[in-house]
Amino acid sequence: MAKELFFIIVGSIFVNNFVLSRFLGQCPFLGVSSKTETAVGMGMATTFVLTMTAVAAYFLQNYILAPFGLEPFLQIVSFILVIASLVQLVEMVILKISPTLYNAFGIFLPLVTTNCIVMGVALLIPMNNYNLIKSIALGLGAGIGFTLALALMSGIREDLEFADVPEALRGPAIVFITAGLLSMIFMGFTGLVPLG
Amino acid sequence: MANSILTSMLSMGGLGLVLGGGLALASKKLAVKTDPRVDAIVEALPGANCGACGYPGCSGLAKSIVEGKAPINACPVGGTPVAEKIAKIMGVSDIDSEDDKKIVRVLCQGGKSEAKVKSEYHGVKTCKAASMVNNGPKSCSFACIGFGDCVKVCPVNAITMGDNGLPVIDGEKCTGCGLCVKECPKMVLALTSSKNEVHVRCRATMKGKDTRAVCSIGCIACKQCEKICPFDAIHVKNNVAVIDYEKCRNCMLCVEKCPTKSIKSLFVERKKAVIDEEKCIGCTLCAKNCPVNAITGEVKKVHVVNQDLCIGCGICQEKCRKGAIEMVRNE
Amino acid sequence: MQLFKDFINGIWNENPIFKMVIGICSALAVTTAANNGIAMGLALTFVLTCSSILISLLRNVIPAKVRIPCYIIVVATFTTVVDLFMKAYFPSLYEVLGIFIPLIVVNCTVLARAESFASKVGLARATADALGMGLGFTWAITLISMIRELLGAGTLFGYRVMWDGFTPWVSAILPPGAFIVMGILVGLINMINRKTAKDTHSH
Amino acid sequence: MLKTFIGGIHPPYNKELTNQKPIEKAILPKKVIIPMGMHIGAPCEPIVKVGDLVKKGQKIGEAKAFVSVPAHASISGKVVAVEPRPWPGGGLIMSVVIESDGKDELYEGIHPPKTLSHLTPDEIKNLIREAGITGLGGAGFPTQVKLSPPPEKGVDIIIVNAAECEPYITADHRLLLERPDDVVLGLEAIMKATGVKKSFIGIENNKLDAVDSIKKALQDKKDIEVVVLATKYPQGGEKQLIKAVTGREVPSGGLPMDVGVIVNNAGTCAAISNVLKTGLPLIERITTVTGSGIKEPKNLLIKIGTPLIDIIGQCGGFKGKPGKVLMGGPMMGLAQSQLEAPTIKGTSGLLVLEKADVKLYEPSPCIRCARCVDACPINLLPTNLAKFAEKNMWVEAESYHAMDCIECGCCSYVCPAHIPLTQHIRIAKSHIISSRKKK
Amino acid sequence: MNQYARMIIVLMIISIASGAVLALSYEVTNPTIQEQARQKLEQSVLTVIPGATKMEEVQKEDMMIYIGLDDQGNKKGISFKAIGSGFDGPIEIMVGYNPKEGKLLGIEILSMSETPGLGARIKEEAFTKQFKEKSAEDEFTAKEDVQVISGATISSTAVANAIRTSLDKIVKIYPVGGDF
Amino acid sequence: MDDYRLITTSSPHLHSGENISRIMFSVAIALLLPTFAGIYFFGFRALSLVVITSLAAMLTEAIFQKLRNKPIAISDGSALVTGMLLALNLPPGLPYWMAVVGAVVAISLGKQIYGGLGSNPFNPALIGRVFLMITFTTPMTTWINPVDGTTGATPLSLMKMQGLQTDYAKMLIGNIGGSLGETSALLIIIGGIYLIYKGYVDWRIPASFLGSVAVLSGFLGQDPIFHLLSGGLMLGAFFMATDMVTTPLSKLGKIIFGIGAGLFTVLIRVYGGYPEGVSFSILLMNAFTPLINRFTVPKIYGEVKAE
């Protein structure tokens, strides 16, 4: 079990990084990776939401959708609705209890809701028949992988501020190409752990 | 079949109820006061929370805009319509009314062909950098260095470098923000009202002969301007002429007189008095007050302005009680 | 005229993929073959158009505070419909597009248009915009997938077009290929834009 | 192991041009220009008018502020102008111009004070101030201010800076060889004035003859120790010197006295001893005139205020076409363009480089080779600082400690991309200072 | 109306409507979806068991076994799924087998995520056809008993190993030469 | 003043005389050693591959600079180094056109799109190699044996696939299958030491890289010496992980870089799908470099005591 959890986490960070090889969460990856501080804040918020989502999706799936046979057609709607509402609630709560925490990471929460990585993780859980602990591991791994990709990209982008990048490539273009090179590098981890 | 539809409707209804209730409750209980402008901007933004702006979500951007950290057109998704709305919310574009507009003037005419150069400077090519090496490469330590730091800093591209290595201001574009004034290490730039048309374009406080030795167009403190000014508006202080804009009436006599051409204005802009024959009652007030005797006419008869003599000072216009005189720009 | 403008907007001026660069997850993930690109694009266009219509109709009914959940439900409903129908009638396509069909729900383009356009204008304009955006999305990802398929497999829409003995550039259909092709295309489009901007300027 | 610091560089020293040349007294100049601000701090105010007759040593500028020193006539003659004049910093500065009467007469008010053993610390400091003594090491900080640290700083060490790490310059070297007793006497006065019991004289090991000379002069004085240092630039930077000699590190943004140390240049000590012996204020100093563009390199004892062109003339004039004239050494010296400018109290050298020897480089992009990082004696990241400066990112530059840069030039010296790192950092510092002032 | 009540009600109505629409679409599409899945499974079973036209499912221990029958109802062979761990994730294989003769009838790769152009070539007939007629006693050693695809040893080995492992289980259920 | 105008610049007025092309050409000279080894073992093909990739790299660089209206700076030698290193990383039997593709990708995607020398986040030669690796995997993993010219396997894949161990002496001298330049560990070390002596390479990176590979592989029960001598490790540690543009500035950062690269190398070699992981590891650490730089800002003189 411990080994399996380890594989799930390492697998979703390196081998099948959610951003660089599964193509989830591209919008924030491009948008919020220009400064390391924001990138890490966003990464932490996403990791938090992903873990929460994993739990929510697990219960929703196994205690409501599956027992009532609603899974095939209510899965998408109910997942997204629950996630969106949960995140909004959490955001309000954080804003209320700690403005500092809110500024460090709460402000990123709304951005996370409509980010497909969240939905992706939620959908992968029933697809792989994960139990609760494995679901959490997946959420955590996906979040860390997302944070790693964002942090690496932000570091590179901060340095690129000083580089003489050709005019036409400035902005998203160079970020895409850099992401491509990063993704190429992450391919080195292929086959690192048997990811099921 | 009906059964499954019912279950589905019930469970979705339940979800909707619980979540709607939760959100309603939360928005009631957890409401936190924020800057109303933030909310207004959040309303105006697309709300996709896509992060394409580089800020943490729409509310993150809204906050940054209100704090002045992000431009009003930062949302790439919303485009111009959204930017316009935000502009309204933020109440920007409080640009001064047209007539009291401030613009920047270049107070140095020592360009490549006029000012002597004392050394061959190499290194970082900015005015700031050059000014820190032996006080700049020009012999006159007040002279514009000409690397164009001001050009780089102007947000509206109102400054260009002229051929002679001096900045040229586009008065139309300049918003009078004063950024360039702060940037110039030689304090060559100054903000003045756009109404002032005569400027001493030299700040060199060296003795006349020293100034002449380093620049062919610098103020040599000969005081000729002082003598000719009908309004006592220009004085040589500390070896350089200075205009008192309270008194200056843009008559431009000093400009004509200055032997080194260091006072400058645009002559085409000199205004001329024109008398409205309908209104003139021939009171002679204007003729009496004209400092250059450009107005003639007999009592109770329409007066005439000698356009060649008129210097455009506008005194007559001020004195005329009937509002019969207008100052007209000579196109 | 206005309708045409709204329609064209998404196709070029504010093309979701190349100009606004949102909703790109699926653009990158499913574009390994031209067929997939078209299918994904049409699926998205369907969801986008239906949701825009509905949201535009409901725009005065939905209270602001719950508008996001409401929009999400609408979008999710149409997405599920597409998902189910595709599963039933195009199983082989469904297999390839897989998880990315459900993810249309969170595709940033859909929500962004719902929020910033459909919820503010009437039915006709909302429809025109949605169609424009959808088709803009579709041609963009079809282009990407064509390039990737051509390089990576030597085929187009499954037909062999490269010469015999062509060595496929496998990386084009691997994840890095997606990013790099996308990056180069965005760069090229920037270049075209700047050229045209300059030309119109000089006239 | 020789004592030294981390970082630094080994430029070619080129000291053999002048290190065997005994100090020569310069010819009496026809005219001197005495700037009113030759020191850090408030400039002094002229107290003579055009037409006044003045004599050597007479005070002509009064210091009104605490961090300031008076100025004195270095020759006798007539005041011909009191006006802004070019000076080695570039631009103009208020100066008193004296035309020599050729007599070099001593001012009547000048007479030797009591001997050191009879002077109180306050009397010593007052003498130093009235004599217009500022540091001769370069920065020109009023010495008596430096010698009056607040008691809570607990200053317990004086270091005499005789490292003379700048290439070409040999003024301190000759001083130590020819007048070691003066340095020692000056140091003893400083120790008495500050009440410090322990002092060191730091000398680089490329001047071992000077070490011998000073050791002889010290005889058996136990409270003064000679420290032989590795020859490495900038060994003479006071922070580096303090680190090498005492192992202490001056805190970032702090002063030597924060670690209980006062550093004085060897020439400053000699100037103090001169006051004690003769009562004469600081009106002359030793200057090394050297370089490939000068006919006869020399160590000259010059009157302060002598125009640079006169000094060059006394050394045989230019050899070939002059390219650069530097006041000071090649690493930190200021490039001159107006040779009518005078020498000032901090002029330790006048270096003339022939045009052919002046190498100008076009900078290319940084290759992040980290040579600058390794060379920086402060352990800064010069490449980052320069990049921030180029992008006007002053806040970032400040957070990467731009203000700690001592402008030694090591980074620029080693950079294979020829980036003027030191200049960029200087600009950043100047922006940071002005933004601090605004706050 | 109270704004909060309105929030709740609108959200609820929309949810309920959505529930209705979705359930309806599901009811409409579900039979087809089920049918599609079954067809797909049958298709692959029939491919790996030559001559079979119908299939029957039986559960033996923890394995699903599909028996292939011809028009006359004769058992032509059995098939089962084998899962191997490939270069980049699992490989699912449908294996056709004749227990009586102890020989493989054929294989088909159901799903895999190997590299296109490399590992993905295990799907090609050139690779799969070699398993036809292989004996259940074969070692399935890569590069000896099984021809590997050059540049994709890992994928090829994974397929071979997966077949070997599941054959071991099958042989226990249906001993070679026995009936099925 | 007379007929001269003096030059003014900001201090310092001296320069060490060091310049970029001297550094790059020294690296190129050091690279000649492994290149000669490659030519000795693989003959004309090796020579032609090196020449072709170098020319292709320099030409691509020149074309890019021309297109961008920048001065053509191929004389700085960096493209030459990239080209040579790329060739040394290729299997000797690779079709020429693929090698050209690699060089073009290395310079264009790896370097010029970021603005050229000094701005690229990743090691260009390795970008070229990894690109070829995932694009044309089969030709990139087909190795020729030096002795008989037959195709064979590298010591690492022999080890990984068949558990066969290759003779140390052979590996040291270079009589083994592998890339052009990774065969002779000995010559690479000599070239590397020359660069360290010249001060162009900081010893910390090769030392920590090799050290961590040895320690970690030993820890995982593998033969450390075998791991040190095999594959591209030596070439990577001395010539590629040391590319100053793409590695951390500070000394501590360099050590972290080396250890990280070593760690990933062993991980990929022992547990990964590829037999060799040096290229990927160096590139991955290149990606980490900006973050490393950020968190290893050296403590400045007098920093602690300031409050």
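Should a chain be cited, it is by its letter among A, B, C, D, E and F, assigned in written order, with residues numbered from 1 in that chain.
In the analysis below, a contact is a pair of C-beta atoms (placed from the backbone, for glycine too) under 8 Å apart; a residue touches a chain by one contact, two chains touch by 3 or more.
The structure presented is a predicted model; accordingly, all values stated were derived computationally and were not measured.
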Which chains lie in contact with each of chain A and chain F? B, C, D, E
By mean C-alpha coordinates, which chain is most distant from chain B? E
Approximately how many whole Å separate the CA-defined centres of chain A and chain C? 21
Between chain C and chain D, what's the gap in Å when you average each chain's C-alpha atoms? 70
For the pair chain C and chain F, the C-alpha centroid-to-centroid distance in angstrom is 40
Report, in whole Å, the distance between the mean C-alpha point of chain C and the mean C-alpha point of chain E. 33
Check: chain B positions touching at least 2 other chains come out as 4, 7-8, 11-12, 15-16, 19-20, 23-24, 27, 48-50, 52, 118-119, 122-124, 129, 132-134, 137
Residues in chain C with touches to at least two other chains are numbered 21-22, 65-66, 68-69, 73, 76-77, 80, 84, 108, 111, 170-171, 174, 176, 180
Would you please write down the residue numbers of chain A that are in contact with two or more other chains? 27, 30, 72-74, 77, 81, 85, 88, 114, 162, 164, 166, 169, 174, 177-178, 181, 184, 187, 190-191
Chain pairs that touch, by label, are A-B, A-C, A-D, A-E, A-F, B-C, B-D, B-E, B-F, C-E, C-F, D-F, E-F
The answer for chain C against chain F in the complex is residues 167, 169-172, 174, 176, 180
Footprint of chain B on chain C - complex, ascending: 14, 20-22, 64-66, 68-69, 73, 108, 111-112, 115-116
So in the complex, which bits of chain D are touching chain A? 365, 387, 390-391
For a test of understanding, state which residues of chain C touch chain E in their complex under the given definition. 32, 58, 61-63, 65-66, 69-70, 73-74, 76-77, 80-81, 84-85, 87-89, 91, 152-153, 168, 170, 173-174
Contact residues on chain B for chain F in the complex? 117-124, 129, 132-134, 137
